[in-house]
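Please find one structure pasted underneath; my questions will follow.
Chain nomenclature is as follows: A, B, C and D, assigned in order of appearance, with residue numbering initiated at 1 for each chain independently.
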Amino acid sequence: MSTKKELLNQQIQHIDIKQHNVVALVDAMAHMAFSSRDLARAANIYEMMLRDTECGVILCLAGSMVSAGLQKVIVDLVRHNMVDAIVSTGANIVDQDFFEALGYKHYIAGDEYKYGGGDAELRELMIDRIYDTFIDEEELRLCDEVTEKITNSLETRPYSSREFIAEMGRYLKENGRTPENGNNDSVVLAAYEKDVPIFCPAFSDCSAGFGLVAHQHARRGKPVVSIDSAKDFYELTQLKIANPTTGLLMLGGGVPKNFAQDIVVAADILGVEASMHKYAIQITVADARDGALSGSTLKEASSWGKVDLTYEQMVFSEATIAVPLITGYAFHKNAAAARTGKRFSQVLEPVTA
Amino acid sequence: MSTKKELLNQQIQHIDIKQHNVVALVDAMAHMAFSSRDLARAANIYEMMLRDTECGVILCLAGSMVSAGLQKVIVDLVRHNMVDAIVSTGANIVDQDFFEALGYKHYIAGDEYKYGGGDAELRELMIDRIYDTFIDEEELRLCDEVTEKITNSLETRPYSSREFIAEMGRYLKENGRTPENGNNDSVVLAAYEKDVPIFCPAFSDCSAGFGLVAHQHARRGKPVVSIDSAKDFYELTQLKIANPTTGLLMLGGGVPKNFAQDIVVAADILGVEASMHKYAIQITVADARDGALSGSTLKEASSWGKVDLTYEQMVFSEATIAVPLITGYAFHKNAAAARTGKRFSQVLEPVTA
Amino acid sequence: MSTKKELLNQQIQHIDIKQHNVVALVDAMAHMAFSSRDLARAANIYEMMLRDTECGVILCLAGSMVSAGLQKVIVDLVRHNMVDAIVSTGANIVDQDFFEALGYKHYIAGDEYKYGGGDAELRELMIDRIYDTFIDEEELRLCDEVTEKITNSLETRPYSSREFIAEMGRYLKENGRTPENGNNDSVVLAAYEKDVPIFCPAFSDCSAGFGLVAHQHARRGKPVVSIDSAKDFYELTQLKIANPTTGLLMLGGGVPKNFAQDIVVAADILGVEASMHKYAIQITVADARDGALSGSTLKEASSWGKVDLTYEQMVFSEATIAVPLITGYAFHKNAAAARTGKRFSQVLEPVTA
Amino acid sequence: MSTKKELLNQQIQHIDIKQHNVVALVDAMAHMAFSSRDLARAANIYEMMLRDTECGVILCLAGSMVSAGLQKVIVDLVRHNMVDAIVSTGANIVDQDFFEALGYKHYIAGDEYKYGGGDAELRELMIDRIYDTFIDEEELRLCDEVTEKITNSLETRPYSSREFIAEMGRYLKENGRTPENGNNDSVVLAAYEKDVPIFCPAFSDCSAGFGLVAHQHARRGKPVVSIDSAKDFYELTQLKIANPTTGLLMLGGGVPKNFAQDIVVAADILGVEASMHKYAIQITVADARDGALSGSTLKEASSWGKVDLTYEQMVFSEATIAVPLITGYAFHKNAAAARTGKRFSQVLEPVTA
């Protein structure tokens, strides 16, 4: 049996789209068929979204994008004004991005572990597995403790996940987990510094949830910090109202997809005639045939009045291949040249206060 | 162009597993290969789970199960002590189950609508589409209004989604939306009456979210009803602690799967040595190869210490086919004969108070 | 390490649709959504196909249907006049059906073998694996030898695969591999007795191929038995011309699907205005998005003039679950009551001669 | 309704991997997770396969690769000694590659046609659809006629598909359908000139099949040209025997995958201790869970003694995205520098004679 150290010896390294000019490659794909053509069209729509300076770009993250080597891509999108708000699963933001921001790493699992043959052994070693990737569960527990510590430092009241995640960004900044200090950059930090709000609509479903549960348990019977998911929804709707033209760049489906699409309807309910999302891209391998939202077409979303039909594109590809091509295309075409940050977090301050 | 009335003329009817004895069929499948054998093993594990009277059975619902004709199956599981807690997406519980409880229906969409050809037309008619199913959006808006009304009637404080959904059950009971009154039975009502708690960890991501946003908007600057997703997690963890032997019956993946699996770790964090889920079944067509949780194997979950390896089974099938066979098998084998309801909602009352 | 005997100890047993009346179950599915509704419609179309006594029913088999426990289903379809011609991969017909007809068996593989963890061990033991099923490779070699023996007994000329497989049927009959003799029934035997032609358009791609290669190698430089795939195509086209109304029941995609669809065009090329396949059902989990034929919709086939749009249905399900339901439905509704065998093999005799 | 001319106005253009240096991009993917890492490993294995100058590289083609814009990639692999034999579906070689070699084109279909909404209209216009690609059926009929003409010009005897396809190459050369004459290059021509044999084990299942059926019909009762699929298998096995070290580069699954894998066993049956395929790569989105060969893992193939476990990699991606990256990587790393053509067609001449 391998030791823990032997198993955790090859770090996941995040791809840097700035190093790979894929413009000609993606342009060539536009004249082919199947997924390559769809990918090229999606890249083109993302470019349009960015050139439309009115457009607020909402990045949706499901699956395990950060641990899979896409952290730097997302950081770059934030740092280069290519995304204005993020809606994510908690796993991407807390267990993976914040975790790496604290200095921990993800590791490459050998192919023999991919299909479950070694899971009993991993359990004994306290190694967690995400398909072909390893995490040191002891480090994850330390990450849980940091979220508990942050929770304990807060005034007891309901918070949107967005507010809580901003506190995580502040924690990183105040504790020197920054590039200036020789540490790696992170999505939570970059978003904090660029006033890009991050929403996790199912926030307790991650490492932060463990910290919050520990906090509420320790203080049972007393006032506690709580996470108001309705407030999340209200805040994101406010952004839609403040910035009517919107585009969605969705990696995977799940709750983030549903949540971001729903704000069009929510705005309507608040009495504001909101336009549908003008642009929408989704990268997913989910199947439409089970009727679930993750694989449902963007055309279906248009029947709900959520997504406009003109500039929408599904791309049938696992994200780690398609995302560097689509975002790298927009980056190297300098599509965000005319954009300055929308600083959406500042828009929400009156809401919060 | 068809009229709205023409399009909404054929109701979805819920299958009644009590009418179909599938025991011999499923037993025959145990000796075949591929999905049929897996399905038979899952049915067998579900039977074991129920015969193990110590076991608290947690039903997880993602996708669109209720609108697809599985409402009565879930009601029957609740009424016959075959499930002790439910973790679900909001869509299943509010937009679909509560919606039907209010007297509205889902409709069969013609095949020509399935691939998106008619979505612009549907948009104009205010018909929403879930793959091959239609919903009257005007009725959905009325459902939103009921959730707003319920919200407005509550004391302003943070609620777990479980508490809020119990209020929805109370509403149905008090307003006579019951079988006793000649109306259809529903999951929300049955769970309310049987003290089966229902959790929606991403609760604002549904029709109730619209009601909550309207409530918070109307009362901005004043105390509001909020939905504390951390409390959800804390409550479900309490159930795991109170009833250590647990089994998962998961229809689809997504947040419900993750949330229900995570309570093992959460209990551990609260200092309680919690056993892994002893039994676990998941019915899904999601692919493992994108690394996302929905399609991740239950073996992978065992590396996280969440699911025991002995009695776990994935079934690769769209749920509307597999669920009637698996649940019907356990029902007709009378597997729950020795079970009385665990009344988990009552366990949570001291937590809530 | 387990012994070969330990690993090959649990036989695959073939499901008997005659024992399971699924009519009410499938009828209930017609009012649901997603795959259950599609499955019910497919069952209904199969019933229509059979009640239309003009219709020649072509069964297409890809994947590993026989080894998976569907052998008896196919035998029953043949014996009860529910199929008039078969187009298949060689694996189903030779490696699996003929193999079992010779008295060999398929075995259930433990779950731990399913994902490849034990394949090196299996290789050493000469056990072949099909996902979750084991085959004794030494027995498979014996099967190869029988096909070589049959080949050597034939006059040297080009044969259609249909002619060759009829010889395999004759071999079974003459060697007493029949139910009358206490042996199991088989597709090859039943089809031989009922004059149901079986075509394997890629015939050398199976156990028979090994026999044929051995034959041609031993006789190199001399006249040999050859397998003329063009003759296959010509013969199947003749059937379409002789019996213009046709329906397809396709389990999986691949070459059989393509081949059977193509005969409409081939008839046209021979100057016969052939009608499209009037009915078409396909059961598959293949995805449409890779553009490959296996997952391509039957609507796409209609653009090629191959399949009529009125009575076509794709069912998204792994075959071992859906096939017993669809065929069992038609069987228990006695849909073939008015049909007598079409004896298509006799139609082809003048072609052959 | 659009006219045929309007619908067929945007040609598919084939990607040129020589123009896109993807080495750094693919190298970066090696340190990520999921499909990107698998893709990088596959590229690396393809590079190893080419640097191993003993290795005979067999390219397997299923699906619609040529019409999708990969024709030039395959031509480049042939022209640059990066492939030594091809096993393909007939569609890729005849309906698509030979078809384009005759001067016809494939066209981009608008998104609104992708899901089948316009298929009745296409049928009327004699436009055939492959997912998102259009073909002029009248041109396809002209292609059928050329294959009939070639068939009629041949001596009547059984041919391997390999021999027949070589005749198609000769036809192109003799009729000036060559780059030297200002026409596009093609796989059939390049393979003819480079002595790269092309096998289509289910040869009649394509445009050539229509020509062959017409030929056999016109000459019924007389000696005809026939296509001996056993001879195909025998010939490919001879290559395995003549060149024991082999590697497989498989785009899609189906018959080509099975056929190419099987030659290891066939060689064994001929009394030659054949080594397993030393290298194997497959690019596919097929699912393993239906037990069919297309999605079966290469580990499963190792249980059959067909593929070695050391250098095998499945890549879960639609081919149009992954193929330019994998082949482009090997091209730009100049992996074939030390290779000269193996001229496998010449090896087969004594077999043929």
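Things to note:
Here is the rule we go by: a residue touches a chain if its C-beta (ideal position, glycine included) is under 8 Å from a C-beta of that chain, and two chains touch if they have at least 3 such contacts.
These figures come from a predicted structure and were not determined experimentally.
Touch-path distance (fewest steps) from chain A to chain C is 1. Between B-D and B-C, more C-beta contact pairs are found at B-C. Averaged C-alpha coordinates put the centre of chain B at 39 Å from the centre of chain C. Chain A and chain B, compared by their mean Cα positions, are separated by 26 Å. Here the spacing of chain B and chain D, counted between their Cα centres, is 47 Å.
Multi-chain contact residues of chain A (touching two or more other chains): 33-35, 64, 68, 115-116, 130-133, 285, 287, 289-291, 316, 318-319.
The part of chain C that touches chain B in the complex is made up of residues 11-16, 19-20, 22, 24-25, 28-29, 31-37, 39, 64, 67-70, 106, 108, 130-133, 285, 316-322, 324-325.
Residues of chain B that touch chain D in their complex: 33-35, 112, 115-117, 287, 289-291, 316. Across the complex, chain B is touched by residues 62-64, 68, 89, 91, 115-116, 119-120, 122-123, 127-133, 137, 141, 144, 158, 201-205, 209-210, 212-217, 220, 224-234, 237, 252, 254-255, 258-259, 262, 265-266, 269-270, 284-294, 296-297, 299-300, 302-305, 309, 318-319, 351 of chain A.
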